[in-house]
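As structure tokens, here come the structures.
Shared between the two complexes below is chain A, which pairs with chain B and chain C, respectively.
Here is the complex of A and B:
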């Protein structure tokens, strides 16, 4: 029979391992980026040209690509998520509500690679025909697919807030004679702004971190796009492409810099969520 | 326009918008699944899994499988089993500690680290694993290369935060009367956890584990950098390269040469979707019974 204090220590060790792992990953990334911090190195990576065979390793186009893609997907997904959440909480008939929630939960389990794969054969040809420009592998295509990926995250977090607000406000508003749609517009949404903000920040995190959709759909050209129909490359796709295909070690610095930028974005997101109040991941 | 009509129009617009959002999402999901079924269902069969090899010889590894997805399926299953073997005990133990023993201060710090880890993009986790190999090569293991074990470690790190969180949430979601039962009978903290709290929260924890398995099965970015390849057959050891379902889909989408290979890709996608879907339904069923039990 193990003694009480030993069990306690073992459990504590497990918890410490989790904490240590997070810091370990950060340390390794910082350590690998350190060689960059020379006068020439930093300028070489933080520049606008990615021409590795001419010695130019700028990743700013990828930073732009990542931000454009994530923000674009957010602008599509947020209104959609608000609509779905309000529908589920207020407007839907009971049966439809259950069905809808089950579907949203199910969406979280659809592999990213499936979205990418199906989009290649359904969405890309459509984009090519509709806009009659380029190959169809573009910022816009990836944006649409990414919207589907981050939608359940936003809906689930936002809906949790809506449910809480709804519990306290519904009866009062019903007795005041609010119709259900005006209740949504004038009471429910204003009261759950913080929840929406948290949901959007989490959705942004998922969008920035996604690799497969941008790798498969965005075309991967390392340039700043002039229109939504242009091809882009994200930081995540850049890491995947360089590590998987090239082996020259001079490229690697730009890859680790990309990894570190992504990690720092995640830290910022977590700090922002902390500032909003409670733990939203589970 | 009177304020009354304006209100009515705004109300109508709200209703229409909400319905459209929900229906649109539903349609999109159905389209994705329907398209896969339509294109993939036709190729489902023994040949999709084992190619021209006899199924028994394929299963036992007596003969390599060409053009079938058995090696990828086996690689994915191995990967899930290995990473869960590493992450599940640590994750559950860490979750128990955070829920029952930790001081609020430690809970805060650990909570931040766990949330942070949950947010790490999987490609960054892959990069972490890849750089481990680079470091090893430069120090005491010049032979080190990316392999099944490395991929499993990285995936374990990826699913660890989910396991910690679901365990912690399942335990702290238990009603107070249950929580006081053990101490009132004179149980020590651990005995209370072991005999009262864990059995009650068990289904919630189990549901989390199943969801984590789904996550391990679907992730592509991590394994992309840590040892997956397009053609590897069955891995003979932990130090071998391996194949996996999601990578096979990714690879075939870009590199298919014949219509047959494309059909294979659709079949593979359908198999992966079924696998993650089954795991999801299982987790849902398990967790639901737990919620029902403690809701009243």
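Here is the complex of A and C:
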């Protein structure tokens, strides 16, 4: 009895610590961004030009870059993930299924820097030759590498939902004479829609937060791209670049604004995820 | 008779070793009997020098552990200032804000040139300073305009507050902004990889990082190198600094003295830089 109450207390303390830590991070970020809340300061940071030595500290191109890159990677990864999950759960022979799942699990453990590094030597020259435009460091290149990175996240979360639905629905549908493709199309996918949404939101969080892929592959030009073959800079890469080179000047503070925006985006994503989870269980 | 001569010979040899060994150890002697660890981080131009010095010191005295990390000039200031590393390297002088916030002390130890570089297969080997300004300013966009192939010029640059960028931009580009579409690379090492992979690239990097995988461009007929930087004919040069929080002591002091010693000068020269003393 005593030990049970202690376990409860310990868990409660752990949970409180986590919440407090996250909240403290938010507070610190807001505190560090406060100096920017002057009429000139805020306008300078929320603008479209990044020319720090000419007094222009705009990070909006980086916000655009982050959103374009992560949404782009999601559009590539989601259909792939749905295909892989359905194949693995319904169509694949048992041995292939095991192999596929093991591979997907393995993909989650590959460090991001490996994707980035290999891409510089394989993907970037290919992109440069195929499209014959730009340097190969581009939105599209980063998008492809990022797709590989977030694919396992989406597959694993979605596949978990799919397996649950499949357990309850498969026998019924088989007895009704559904072919396996039409079973996927008309029963399995509609029933696991919420699971897919949750998986996609998690994948989006992963994509927005990733730094190395965009830093190494996207080219980092602080501009709004006119085509997928143009170079972009994400918020995370921007923080990485500025922190690497500067430490105390005025434009250094724009990285805190970038951090705060990232943090707020992640909070929104998590709130959305929680909302979904609630409506899914009820 | 012979045995006696042998004994004398051995003794003489020992004596000789005893006399000579301090000379062999030379400037490394200051590390005798020292223990502990020394962490270094910051500017990426410094890494070849730091690594070689660390290797020699740790071979001489295995009880000393030295770690060398990159990160960039900004990381060097930050980490040294916060006391996370013992020495923070910068490729530019510290700004007034940085000195006043952290109370850092700077030790310049080498002169480094920053050179424009292209792919080794590029047909272009020599540009005027004005042509380089036009390329980085976005007014010349094809290699054919400066005597190369008919291909678009791929401009690679560094972030504004990078030490390497600061000297190239200040002394060669005359403080003119680099074209906004330029790809921004995060370190000297990454710049070498990017330019060596791209036949139509032009970038700029620390002379010490240049090897066979990239080709330095002559500027107004002067090939950037140690020699031309020493005699003053190649003007795009800067100092490399080690920075410590407050006055260095113990192992940190010994390391800085070693870099500033004769041996250190040898390492600096071998790494492609010019020692300052």
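Operating definition for what follows: the second predicted complex is superposed on the first by the 261 of 282 C-alpha atoms of A that agree within 3 Å, B and C clash if a C-alpha of one lies under 4 Å from a C-alpha of the other, contacts with A are read in each partner's own complex, and residues count from 1 in each chain.
Note that in this section a contact is a pair of C-beta atoms (placed from the backbone, for glycine too) under 8 Å apart; a residue touches a chain by one contact, two chains touch by 3 or more.
Everything numeric here is computed off the predicted structure, so don't read it as measured data.
Novice: Between chain B and chain C, positioned on chain A by superposition, is the outcome a clash or a fit?
Specialist: Here the two partners, once superposed via chain A, clash with each other.
Novice: Kindly classify A:44 by the partners it touches after superposition: chain B alone (first), chain C alone (second), both, or neither?
Specialist: The answer is neither, since A:44 touches no partner chain.
Novice: In the overlaid three-chain picture, which partner chain does A:137 touch, first (chain B) or second (chain C), both, or neither?
Specialist: second
Novice: Examine A:199 and indicate which partner it touches, taking first as chain B and second as chain C; both and neither are also allowed.
Specialist: neither
Novice: Just checking: does A:120 make contact with chain B only, chain C only, both, or neither of them? Give me first, second, both or neither.
Specialist: Both partners, chain B and chain C.
Novice: Could you look at A:12 and tell me whether it touches chain B, chain C, both or neither (first, second, both, neither)?
Specialist: Touch partner of A:12: chain B, not chain C.
Novice: Going by the contact rule set out at the top, does A:243 touch chain B (first), chain C (second), both, or neither?
Specialist: Touch status of A:243: both partners.
Novice: Using the superposition on chain A described above, determine whether A:73 touches chain B (first), chain C (second), both, or neither.
Specialist: neither
Novice: Could you look at A:274 and tell me whether it touches chain B, chain C, both or neither (first, second, both, neither)?
Specialist: first
Novice: In the overlaid three-chain picture, which partner chain does A:52 touch, first (chain B) or second (chain C), both, or neither?
Specialist: So A:52 only meets chain C here.
Novice: In the superposed arrangement, does chain B or chain C reach more residues of chain A?
Specialist: Larger number of chain A residues touched: B.
Novice: Chain C clashes with which stretch of chain B: 207-215, 225-233 or 261-269?
Specialist: Residues of chain B that clash with chain C lie in 225-233.
Novice: Which positions of chain A sit in both the chain B and the chain C interface?
Specialist: Of chain A, residues 120-121, 215-216, 240, 243-244, 252 contact chain B in one complex and chain C in the other.
Novice: In the complex formed with chain A, which residues of chain B make contact?
Specialist: 7, 10-12, 14-15, 17-22, 24-26, 28-29, 31-32, 35-36, 39, 89-91, 93-94, 96-98, 101-102, 106, 109-128, 130-132, 134, 157, 160-161, 164-166, 169, 188-190, 211, 214, 217-218, 220-221, 224-225, 246, 249-250, 253-254, 265, 269, 272-273, 276-277, 279-280, 284
Novice: Applying the document's contact rule, which stretches of chain A touch chain C when the two form their complex?
Specialist: 51-54, 120-121, 124-125, 128, 133-137, 215-216, 219-223, 230-231, 233, 240-249, 251-252
Novice: Looking at the complex, which residues from chain A come into contact with chain B?
Specialist: Against chain B, chain A makes touches at 4, 7-8, 10-15, 17-19, 21-23, 25, 28-29, 32, 79-84, 86-88, 90-92, 96, 100, 102-118, 120-122, 148, 151, 179, 181-182, 184-185, 205, 208-212, 215-216, 236, 239-240, 243-244, 252, 255-256, 259, 262-263, 266-267, 269-270, 273-274, 279, 281-282.
Novice: Show me the residue ranges of chain C that touch chain A in the complex, using the header's touch definition.
Specialist: Where chain C meets chain A, its residues are 71-75, 77-78, 81, 95, 97-98, 101, 152, 154, 156, 158-163, 165, 175, 177, 180-187, 190, 193-194, 197-198, 200-201.
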